[in-house]
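In the two complexes that follow, chain A is the common piece, with chain B as its partner first and chain C second.
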Partner chain A sequence: MKMIKNAAGRMVGEEINGQEAVPFKGVGKHRPSGRKYAPPLATCIDYPGDNNKVVASLREALERCGLRDGMTVSTHHHLRDGDLVNNRIFDIAAEMGVKDLVWLPSASFPCNEPVIKYLEDGTINRIEGSMNGPLGRFVSEGRMKGMAVLRSHGGRVQAIQDGEVKIDIAVITAPAADFFGNAKGTGGPSATGVLGYAKADYLYADRVIIVTDNLIDLPCFPMEIEGNYVDCVVVVDKLGIPEKIVSGTTQITRSPDRLLIAELTALFLEKSGLLHDGATMQAGAGGTSLAIAVFVHEMLKQKGWKLSFGFGGSTKYMVKMMEEGQMGYILDAQAFDLDAVRSVEENPNHIPYSVFNAYNYHSKGNLTTMMDIMILGATEIDTEFNGNVVTHSDGLLLHGIGGWQNCLHARNVILPVPLFRDRIPVIVDQVTTLCGPGELIDVIITERGIAINPRRQDLLDSVRGKGLPLVTVQELKEMAEKICGKPEKAAFDDRVVAAIKWVDGTVIDSVRKVRS
Partner chain B sequence: MKMIKNAAGRMVGEEINGQEAVPFKGVGKHRPSGRKYAPPLATCIDYPGDNNKVVASLREALERCGLRDGMTVSTHHHLRDGDLVNNRIFDIAAEMGVKDLVWLPSASFPCNEPVIKYLEDGTINRIEGSMNGPLGRFVSEGRMKGMAVLRSHGGRVQAIQDGEVKIDIAVITAPAADFFGNAKGTGGPSATGVLGYAKADYLYADRVIIVTDNLIDLPCFPMEIEGNYVDCVVVVDKLGIPEKIVSGTTQITRSPDRLLIAELTALFLEKSGLLHDGATMQAGAGGTSLAIAVFVHEMLKQKGWKLSFGFGGSTKYMVKMMEEGQMGYILDAQAFDLDAVRSVEENPNHIPYSVFNAYNYHSKGNLTTMMDIMILGATEIDTEFNGNVVTHSDGLLLHGIGGWQNCLHARNVILPVPLFRDRIPVIVDQVTTLCGPGELIDVIITERGIAINPRRQDLLDSVRGKGLPLVTVQELKEMAEKICGKPEKAAFDDRVVAAIKWVDGTVIDSVRKVRS
Partner chain C sequence: MEMKQAVTGNTGPKVRSDIEVTLELRASGGVELEIRSKVKTMYGNAIEKQCRDLLEYFGIANARLKVDDSGALPFVIAARVEAAVRALGLRSSAFLPEMIEENGYTSEKGRFRFSRLYLPGNNPGMFLNAGLHSPDGVILDLEDSVAPERKDEARILVRNALRAVNFYGAERMIRINQGERGLEDLEYLIPHNVHLVLIPKCEGRETVMKIDERINKIREREEIGRPVFLMPIIESATGVERAFEIATASPSVVALAIGLEDYTADLGVQRTKEGLESLYARNRLVVAAKATGIQPIDSVFSDVADMEGLLDNVLRSKAMGFEGMGCIHPRQIPVIRKGFSPEPEETEKAKKIVLAFREAQKRGLGVVALGSKMIDPPVVARAEKTIALAVRLGLLPDGWEEQEPKE
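Right, the complex of A and B next:
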């Protein structure tokens, strides 16, 4: 495959799995042409007059939807590591003798390790989606037939909408559904709170299958999935393992270093003035992020301030902020713990809000561009402030992009990260894989100092002389190397095993097979 | 234009406004090919980073959206006869010197009479949508340049979805909106309750303008219109005249004949067993329908039954049923009075539900097919049970189709109508204009007897010997002629002034110019 250098200086292939690819041109530089993907027309003639679309089994549903060689099957990941349905799709495909499928999950989890056998036996050609843990290692070792394509949550819906990837069959697990196919994320034994990741799938897939363990009377509402788009409904005993779908409780970090980073971050938000009455904020569900949320909550209470809204993945700490009056609304694509699920059910100000609306770069504005404070992580950051979230320094593909690239478009992007993990520096000369350009990353906060991107003179000015431990990113890198030594570069073969897409569908980097 | 006879025996043109037309093939006989309409791709690059899309005026918005000759501009009719915005669009177009526009309203009202001057001066080529009162007369007199196209509410969204009609600019008046363009029907001085008619418009229009008199803080939710699809937001002083948007109160008929029809209808529902615990029902907002709702409500209370859900247009009588426990839910595309608007705001079981979901025949099932009881009106019904809702016996086009054709797909379609109006028979030999085939109309209930369609032997059996005044449709026609005399046929010229579409986009009939 011919490789060319993109605008970020990274070598990327001219095509991906036989389809022409556009190299990254710079932030905001690629203008799409053409039109949205147009699914085939349906007609009521083909659907039962009583609107009862329940069929006996997932196999029957897949057969009715015409599952065959080479098709693309999409799924969402709201059941996370507790998912009991997605692997079944490929068990059935293998039983049916179907080959060369493309699996388009919104994310995969360690529980999906069993699909490796279907990647090996040719049932699945490739996965386009995040590869966490064992699947990522499988890809990195060059064992997947097709090339992996990693997209952000927003990039995935952009690709679906734009027809870069065409979904033949979407299999949507739903914690509640009626016989017509209206479905939602609340209620029942496998509640996920919201189904925000499935929206592009049901709008653009040729065929849609709802799988539920909780068939309720029509109308199932609020309808996150509209029955008018649904072909079949399948009722199963159990969608997932509840304790692995949502955490009983999300846990704040106990590491003294991480707590220090969280405290420094809260302090930075206060001193810089980024935290103010009416501000908007998004953090994650990691231990450090949760600690930041707790510190910020305290500050808000002390000052009598209220955040205008927060964007989820929601956690009990966000819910607490809202319930105690320090956050107006939670807009939410994903509920991470039981308190968050309860809040979606009970509180009208906790609003399901799909990534299709929040993150799709090929729409008329994104929610993320109006977030004042964006807290994100990274596996590596380099001295140009470029970020990596998918590979480790050893070159192994072990994480998905999630919403990370989309969130980089917020007003102030802050990465609280440890200087090193397991004695491997996080701040490096050059990131192993480029996932986000440095021009979009504003602040790095470590336990040994805060580095502000020189492009953000306004932020530098806002905190000057306020007692914060300001350093340069170069200094951070040197400190890390002083402690851990200079890290070894990962050793790669030539073969490209994965393409990393940018939010606009262009290719920002490639991941190569690790040298064995 | 070459005319051909369609499957209902009606003469229809082979083309409409230069575009090929498919003649009606029979109920459930036309299978669409091809794909949904694909609007052009947008990109965040073209929208403000702070997501503030407010522009100074409707003119500026129309200019930014590139209004020019020949474009199609769509609007909804939730402001009904109180609308102060839709005529303004064409004032501005005329000021800009734009010609040959197509106006695609979801309905027009007498308040839209001023657009006649723009039909005369060439600003507007034609209206595709219902023509009530003065506009209908204008069309019937052969004074509109292009040919009118009348579609049901469901047919309109089918045509938009299928790309039969392509919306260049949708102008959506919204009782509440935020600066990003999220919008809803509740709140503010011009509340309409829901915005169900605007859904296809915002999903498929190339450009979308929100006009509001109530700009609220982001997030405006629940988002009936999603800001990601919106180009511009315009803030005006006043969207509409509240007392003409919704009735302060919808009024039950006081006519003794109509009350008798209502009572007979309720009796028929009871004796036939169509009314039962858990049934679903849809009626309208006319005086007779309201009286039927009151009678039915009483029966439900007496028997301790509860309707599963009702589909709106909602009225205070439906709201009362729900609030007193005789109706589970109201699914609602349109709120007709102040109690209905209040109910949408307050009651989570009063659910906005667009006609796009309920009525679009080119989707995977329609809500209407599962309605047990459907109460509809008609201007004429003939001895084959065919129905007309758009013209009067004098041939004048004076009404829109509304949801009438879509609702014919319910399980039991009942038309309570007077035997005559102003001494003109309603039951006739042959309808002036065919809007719905007789095979879909089950029961005609008049003040002088009930005629059941012979195709519905089951219904005939269900009420035999139960004391209802059963007659044949032939007998009804004869009674009407005995009282009123045989009605004169309308006198028409050859020229076709309007095409009547069926729910699947085929042409079921034509309306000709009345002879002057």
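Right, the complex of A and C next:
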């Protein structure tokens, strides 16, 4: 495969799995052309009678939808690590003798490890989506037949909308559905709260299958998925393992070192003036982010301020902020814990909001650019402020991009990270894999100092002389190396095992097979 | 028979920043290295080179060395290998990591000791960020937090930590073992800029004097000019009854601490949050310390999840006259610091009293009055102390008198 250097100086292939690919051109440089992709026209002629779409089994549904070699099957990840359905699709495909499928999940989890056997026996050609844990390792070792394509949540819906990926069959697990195929995330034994990751799939797929363990009377209201787009409805005993779908309770970190970073982050938000009455904020569900949310909540209460809205993944800490009056609305693509699920059901200000509306870069604006404060993580950040979230310093692909790239478009992007994990520096001279360009990353907050991107003179001015431990990113790197020693780089073979897409569909970097 | 294989350090799924070293001496065949490491890609070569250099330093030409590494830093690797060499009974000089320049600072007798953070001496992962939490002191503990069979390797690890780990300005304290082993601990550690030694289960002046004497011998030998302070911990009924003689045993004693777990066990009673059972002991210790002009320091509060309980405890402690408390979790540090700091109202009141006193002095008046209230000299003295504390904590600026509105 011919490799060329993209605008970020990274070597990327001119094609991915036989399809032409556009190299990254720079932030905001690639203009798409043409029209959106559209699925084929359907007709009521094919859906006669009482419109009861319930079929006997998932196999029957897949057969009716014409599952065959080379098709692309999409799924969402709202059942997270408790998912009991997605692996079943490929069990059935293997039973049917179908080969070379492309799996397009919105994310995969450790519970999806069993699909490795279908990657090995040729049932699945490749996965295009986030790769966690065992699947990532499998790909890094060069054992997957096709090339993995990693996209952000927004990049995935952009690719679907633009027709870069054509979904033949979308299998959508839904905690509640009616016989017509209207579906939602609340109610039933497998409630996920919202189904924010399934929207592009059902709008653009040729065929749509709803799988539920909670068939209710029509109308299933408020419907997040409209039955007019649905081919079949399958009723199963159990969609997932409830305690693995949503945690009973998400926990803030107990690590004193992470709490220190969280405290410093909250202090930075206060001193810089980024936190103010009416601000908008997004923080993830990781232990450190939750701790930041708790510290910020305290500050808001003390000052009598209110955030205008927050964007989920929602947790009980965000819900508490809203219920106690320090946040106006929660716009939510996924609910992480039971309190968040309850809140979606009860509180009209807790609004399901799909990633399609929040993150899609090929649309007329999106939510991320409206966020004042964005808290994100990274496995590595380099002295140019470039970030990596997919590989570790040993070169292994171990995480998906999630919404990370999309969120970089917020007004102020802040990465609270430890300076090193065990002996492994997080601040390095060059990231192993480039996922986000440094021009979009504004602040790095570590336990040993805060580095502000020199491009953000305004932020530097806002906190100078206010007692914060300000350092340069170069100094952070040197501190890490002084403590840990200078790390050697991972060694790779030439073979590219994964392409990393940017939010506009261009290729920002490649992941190579690790040398064994 | 001589032991031929030694195992030191730690490994396992929950272990971080440590390494397990297995060393087996051989008669011939050179050095055989087996390295397993979580960070092999980045540091495999560095670990191998360090291991070879260490064996050469210790004069070992034929051996099998197996390491199981969970991201240990070089000072930890050096300590674990040295401990294995010593466990095999080989006499050799210590391998000292470089003393980092940040670690040259000194302490002083009267510095604050509000919070002192205990760090188990054989857990290197807890050392690295301890100073970042801004405790007044860090205690590298060789006593109760280290299992008896790990005592030897812990003191080598602590010695290396005193040289290689930046404690960011915290007073560098060690808690030694009781008896003869404690005196040996001093030999290992005093040369590496120890500021203060905690003496566990202290029951009389002889113990203090013996330790002081040994320290002074080491200081003379190593030509150490700076002082090494002592903080005896009183943990028994006998210790309590002898608090004053312990406090006055040496001018190096700068503080007297109480250990309530052992004390209540000695009394055969339960330790409660209210602490009525130890009221006498704590009172007596405070009085002994104040009579000697040193700091009385309270016991640790062991429920790390109960921050409100901790704050109550600190406020009670402060009310009794204590000037500090031990901590076993970094999150306790800010609570303790806040508790021992003067409240804003307390500072305000003290300011008024001190200003009134100075005004009276200027006018040559024998009696100080604030409004219609007469103020006794001890009240003035206490206010002066509060002001001094507030200034040192940065709660009041130097020269605060100038900034006060003139009446």
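Note that in this section the second predicted complex is superposed on the first by the 515 of 516 C-alpha atoms of A that agree within 3 Å, B and C clash if a C-alpha of one lies under 4 Å from a C-alpha of the other, contacts with A are read in each partner's own complex, and residues count from 1 in each chain.
The criterion applied here is as follows: a contact is a pair of C-beta atoms (placed from the backbone, for glycine too) under 8 Å apart; a residue touches a chain by one contact, two chains touch by 3 or more.
All of these numbers come straight from a predicted model, not from anything done at the bench.
Trainee: So, A:G181: does it touch chain B (first), chain C (second), both, or neither?
Mentor: first
Trainee: Contacts for A:F109 in the overlay, against chain B (first) and chain C (second): which applies, first, second, both or neither?
Mentor: Once the two structures are laid over each other on A, A:F109 reaches no partner at all.
Trainee: Kindly classify A:P219 by the partners it touches after superposition: chain B alone (first), chain C alone (second), both, or neither?
Mentor: In the superposition, A:P219 contacts chain B only.
Trainee: Looking at the overlay, what does A:Y202 touch: chain B (first), chain C (second), both, or neither?
Mentor: neither
Trainee: Tell me which partner A:N360 touches in the superposition: chain B (first), chain C (second), both or neither.
Mentor: first
Trainee: Which partner, chain B or chain C, touches the larger number of chain A residues?
Mentor: B
Trainee: Pick one for A:F24: touches chain B only (first), chain C only (second), both, or neither.
Mentor: In the superposition, A:F24 touches no partner, neither chain B nor chain C.
Trainee: After the superposition on A, what does A:F295 contact: first (chain B), second (chain C), both or neither?
Mentor: The answer is neither, since A:F295 touches no partner chain.
Trainee: Where on chain B is chain A touching in the complex?
Mentor: 28, 31-51, 53, 161-162, 180-181, 208, 217-219, 221-223, 226-231, 308-309, 329, 331, 351, 353, 356-357, 360-367, 369-370, 409, 504
Trainee: Across the complex, what residues on chain C touch chain A?
Mentor: Going by the criterion above, the answer is residues 16-17, 38-46, 70-74, 128-129, 132-133, 329-331.
Trainee: Would you pull the chain A residues touching chain C in the complex into a rising list?
Mentor: Within the complex, chain A touches chain C at residues 256-257, 259-260, 393-395, 421-424, 447-448, 483-485, 487-491.
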